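These are the structures in question, set out in turn.
Same chain, two partners: subunit A is paired with subunit B first, then with subunit C.
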Partner chain A sequence: MTSRTRRILLTLVLGLPLLAAVPWIASPVLVQFGINMLIMATLAQGWNIIGGYTGYSSFGNSVFFGLGAYGVGIAMAQFEQPFWIGLGLGLLLAVVFALAIGLPVLRLKGHYFAIATLGLAEVVTAIVSNVPIAGQNVGLVLPLLKSDVLFYELSLGLLLVATLVVFWLSRSRFGLALIAIRESEEAAAVMGVNATRYKILAFMLSAALTSLAGGVYAYYITFIDPAGAFDISLNVKMIIMAVFGGPGTVLGPVAGALLLSVLSEVLASKVTNIAGLFFGLVIIAAVVLMPRGLADLTQKFRRSGWRYFAQNIRDHRL
Partner chain B sequence: MLLAQVLLNGLLLGGLYALMALGLALVWGVLNIVNLSHGAFIMLGAYATYFLFTQAHLDPFLALPFAALALFVLGYAVQRGILNLVIRGPMFNTLLITFGLEVVITFLAQLFFSADFRTINPVYAGTNFDLGGLTVPQVQLMAFAIAIGLTLGLWAFLLHSRPGRSIRAVSQNLLAAQLYGIEPRRIYAVTFGLGTALAGVAGGLYGTVSQINPYIGTALTAKSFVIAIIGGLDNPLGVIVGGLFLGVAESLTALYIGPTYTDVASFGILVLVLIVKPTGLLGRTA
Partner chain C sequence: MNAPLLTVKNLRAGYGEMQVLYDLSLDVHPAEIVALVGSNGAGKTTLLRALSHLLPWQGDVRFDGHSLQSLSPNRLFALGMVQVPEGRQLFDRMSVEENLLLGTLAGTARDALRRNLERCYGLFPILAKRRKQLAGNMSGGEQQMCAVARALMSGPRLVMIDEMSLGLAPVAVDALLDTLRLVRTQGVTVLLVEQDVHSALHVADRAYVMESGRIVREGPASELADDPEVQRAYLGL
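After this line comes the complex of A and B, so read on.
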């Protein structure tokens, strides 16, 4: 067992009971904040698979989130099915969508992929706003389940599943293939990696985790509409959290999501009027000073100290 | 007749769209930065023109060069002081840092300019004239002419002037350009400054034909993207075609399908263009 594996397992074993105990000791407000934070962390982790490991910066993950939310919404509000059926429906919708869209869109590289998925997100939002079964522009109202503890533990479980999936990914043949694609798609193809198949599988896996988070979130807030469920800025948040934490690492995106959520929450409550400004400045400073995220920072800071930041600038400046 | 009028309106709007996208396409094509704060610079240009008009009582069209100059200086400083520090990093990072810039600029704009809607309203704002039965709004026509003129001007500048050649050299091969004595930090900053200056002019014109507030940036960035993709990043003339195409497509969609569908149309076109021909309608084939 390498030291990195040991650290990841240690974090899970020590951190989990602590996080799981929160709803029984903390105030309701804190639990609600926790639910949002855990959902965000799951989304960042889902994005990590396609964006961090495979190197395809998807702006379409908010679509998967929306489809997951609408799966639950349609099943529960329109057909009075239990939550689990809706979760399955959302999962199915998202995975099928990822497959259908992945085939043409994953041929595009770099910025072009990012923008094509952004365009798709706009198109899907507009389509859903006009589908009667999805409640059109008005949205859907879900049955109310007043149990924040349940939603908290559900979100935590989901984050655990997502993290374990990424953990498995980081040491499996599948994950290595994705990293190879990220580093050089041509070289990967030469080494016998079927790039198209792996990319689509990664996209579907990312879609699956993201849609589950969307489903849980829909049931939690009990109301969904197209503008909220397919919000592009949610996708931007996923990216920021994953990149801030360290894309292509197991715990980085989770750490990034937790830290940034806490930071923006504290700022919003303490100094409301400059919270937005500070968030923007944090992003700019983070990209300049620690472009490979928290994960890289914690590894190297001990060795090189403050020079770490100067080195980053020296490496990436013109 | 209605169709002809709608087509005309679409074309006039398209010229302005082209100018909006021009700076984004230039920066993207030369520096390989997708500038998510482009729309925010357009917004700043609109406010610069607005305040020159209301405070200094300058005609909005005469205020444009000053807005352009201010935005050039700002853009130059941003590239020199911030973006040059991360330009050799991973692609996400330039995307992310310009997003951070957008957040900061929008916040400051809201702080200093308030969230009120404003319009740049010179006395001749409502003037129309008749052209063979079609109504031509004067301001829109002037905006269109300036937009097309600047696009052609940029084209000539890149092709024939010395700094223009330096910009093209840097975009083709950075190392070779350096060997020929080009200082890339300055050229990068000049290019980004040109991009924001064009955004500034586009913003000033946008303010004369539409309402402005601190939050218009994001939507304008998205629109500029679509146009840059449709037109390709290779030359400014492609951007004109992309802008006109989008303007007409949006107007026709609004007429035949419904105004709420204009975004579906533009982004649908975007996705189709990307899938069929990722280098843009007029771009080189890969």
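After this line comes the complex of A and C, so read on.
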């Protein structure tokens, strides 16, 4: 426990200045890539709370992202309010939505929960497309702020906040309760865990972080429309990155997001036409060979070496 | 005798259309070990499931004077009524210590937590040795000890244990029963729900015999153990 904590803190202390220095030394293209990467990492970390720790594979997180984006969009484009107000509005929308949807939907388990949340993006897209204040189908154009360095540092700060929240979670009784729910909801209930309440709180916390990332992204990209803001493939990416890195760990989802972002970017520039193919192969190989993610790999590889992969193929259980 | 800690009066419960428990009544007094014995399908587990609101039920059930009908499972837990569910329900991929810590989620102070942890390790020294080991990698007996210890972590007043001896080696069962006797001297009341009639009657003060959802016999455990009918039906004598 303590050595794990020390490793996490060490990674933060060493990694943070390194990442923060990027805009001052790297090319503008690289900074733009960095912003996308950091936002993805924040989203993966947000998903980690409900998907990784609580064990509920949410496909509704892209809705929280979209609501965060629309909060900023509506506040800035329609009411000429400052960015921070929009961020707060998006946060409020997402958290209230998570509460309202969580009450019925978090009663479902496994595939049923995944499918129910999968429908949410469709529903919200249809609703937003018809709301005049949200610009209907056309979308909203936000004021332009041409400072990629600022967006980069803002995204990095957000990722830090998300990671600190998950770090706190991993050490708190609240987090322990979530893990209990993931491992066996009935056993958790017998031990006095109010599973419904904890699940909804986890969903709301996940929604809060995800919506903030959506808000920052909307201001950065300066244009949002329903199809782009509530894109379900974004949710799939969050899950892939979190699972690749190690769901239910503090740094796993961040590592997964950073690594996969870089990989996908390199592939896209080297083998443009068949980048998707290679990316897909990497994902399949990762799921087969290291189903518990990078975090588990780094822990166990030293002890069992290459046998680790063979063992995973043999086990084939998560 | 002082007022009962748990009173069950005319409890009826079942699964959907099928009624399993018929007007079942029993009492458990403070610092007693009460055994509820009966063969497979008598409704023992159903009773425990009903008491923790995992099933709908009717009747009058009181824990320390509070009516159970209006109490949520977490409130019950906070009041000191705790279960060791059938099949142990440990968190296999977590360590023994993490499992134990999960036994106290209903808001215990940190120093009390330490104290309870030490108390559980005192009751089950083997768990202290295994504290960092994954619960799923231990033997059945050790897992059952872990499950009982987890239930004791919150400092409960009543522990209800479902099929504690199921699938365990006799030596492990004896160790667990000894611990229950010890726990009782510390003021914890135990309701032991068992198919293993012999060991249950051996350790209990009083016992109820259940058959097809009804209590068919009750009395001091030693009397029931000597009862020819009980002996014939359950002890194979």
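In this text, the second predicted complex is superposed on the first by the 315 of 318 C-alpha atoms of A that agree within 3 Å, B and C clash if a C-alpha of one lies under 4 Å from a C-alpha of the other, contacts with A are read in each partner's own complex, and residues count from 1 in each chain.
Convention: a residue touches a chain if its C-beta (ideal position, glycine included) is under 8 Å from a C-beta of that chain, and two chains touch if they have at least 3 such contacts.
Not measured: the values here are computed from a predicted model.
> Where does A:183 make contact in the superposed view: on subunit B (first), on subunit C (second), on both, or on neither?
In the superposed model, A:183 contacts subunit C only, not subunit B.
> Mind working out whether A:315 is in touch with subunit B, subunit C, both or neither, as first, second, both or neither?
The answer is first: A:315 touches subunit B but not subunit C.
> So in the superposed three-chain picture, is A:291 touching just subunit B, just subunit C, both, or none of them (first/second/both/neither)?
Only subunit B; A:291 stays clear of subunit C.
> Should A:119 be classified as contacting the first partner (subunit B), the second (subunit C), both, or neither?
first
> In the superposed arrangement, which partner chain does A:105 touch: subunit B (first), subunit C (second), both, or neither?
It touches subunit B, and subunit C stays clear.
> With the two complexes superposed on chain A, say which partner A:307 touches: subunit B (first), subunit C (second), both, or neither.
A:307 contacts neither subunit B nor subunit C.
> Touch check for A:7: first (subunit B), second (subunit C), both, or neither?
A:7: touches no partner chain.
> Counting only touches as set out at the top, which of subunit B and subunit C does A:171 meet: first, second, both, neither?
A:171: touches no partner chain.
> In their shared complex, at which residues does subunit A touch subunit C?
The contact residues of subunit A facing subunit C are 173, 176-177, 179-180, 183-184, 186-194.
> Which of the residues in subunit B come into contact with subunit A in the complex?
Interface residues on subunit B, with respect to subunit A: 28, 34, 82, 84-93, 95-97, 99-104, 106-108, 184-185, 188, 222, 225-226, 229, 260-261, 263-264, 267-268, 270-271, 274-275, 278.
> In their shared complex, at which residues does subunit C touch subunit A?
52, 54, 72-74, 76-78, 82-83, 85, 89-94, 98, 101-103, 105-106, 150-151, 154
> For a test of understanding, state which residues of subunit A touch subunit B in their complex under the given definition.
Those residues of subunit A that touch subunit B are 51, 57, 104-105, 107-108, 110-112, 114-116, 118-120, 122-123, 126-127, 129, 236, 239-240, 243, 247, 276-277, 279-284, 287-288, 291, 313, 315-318.
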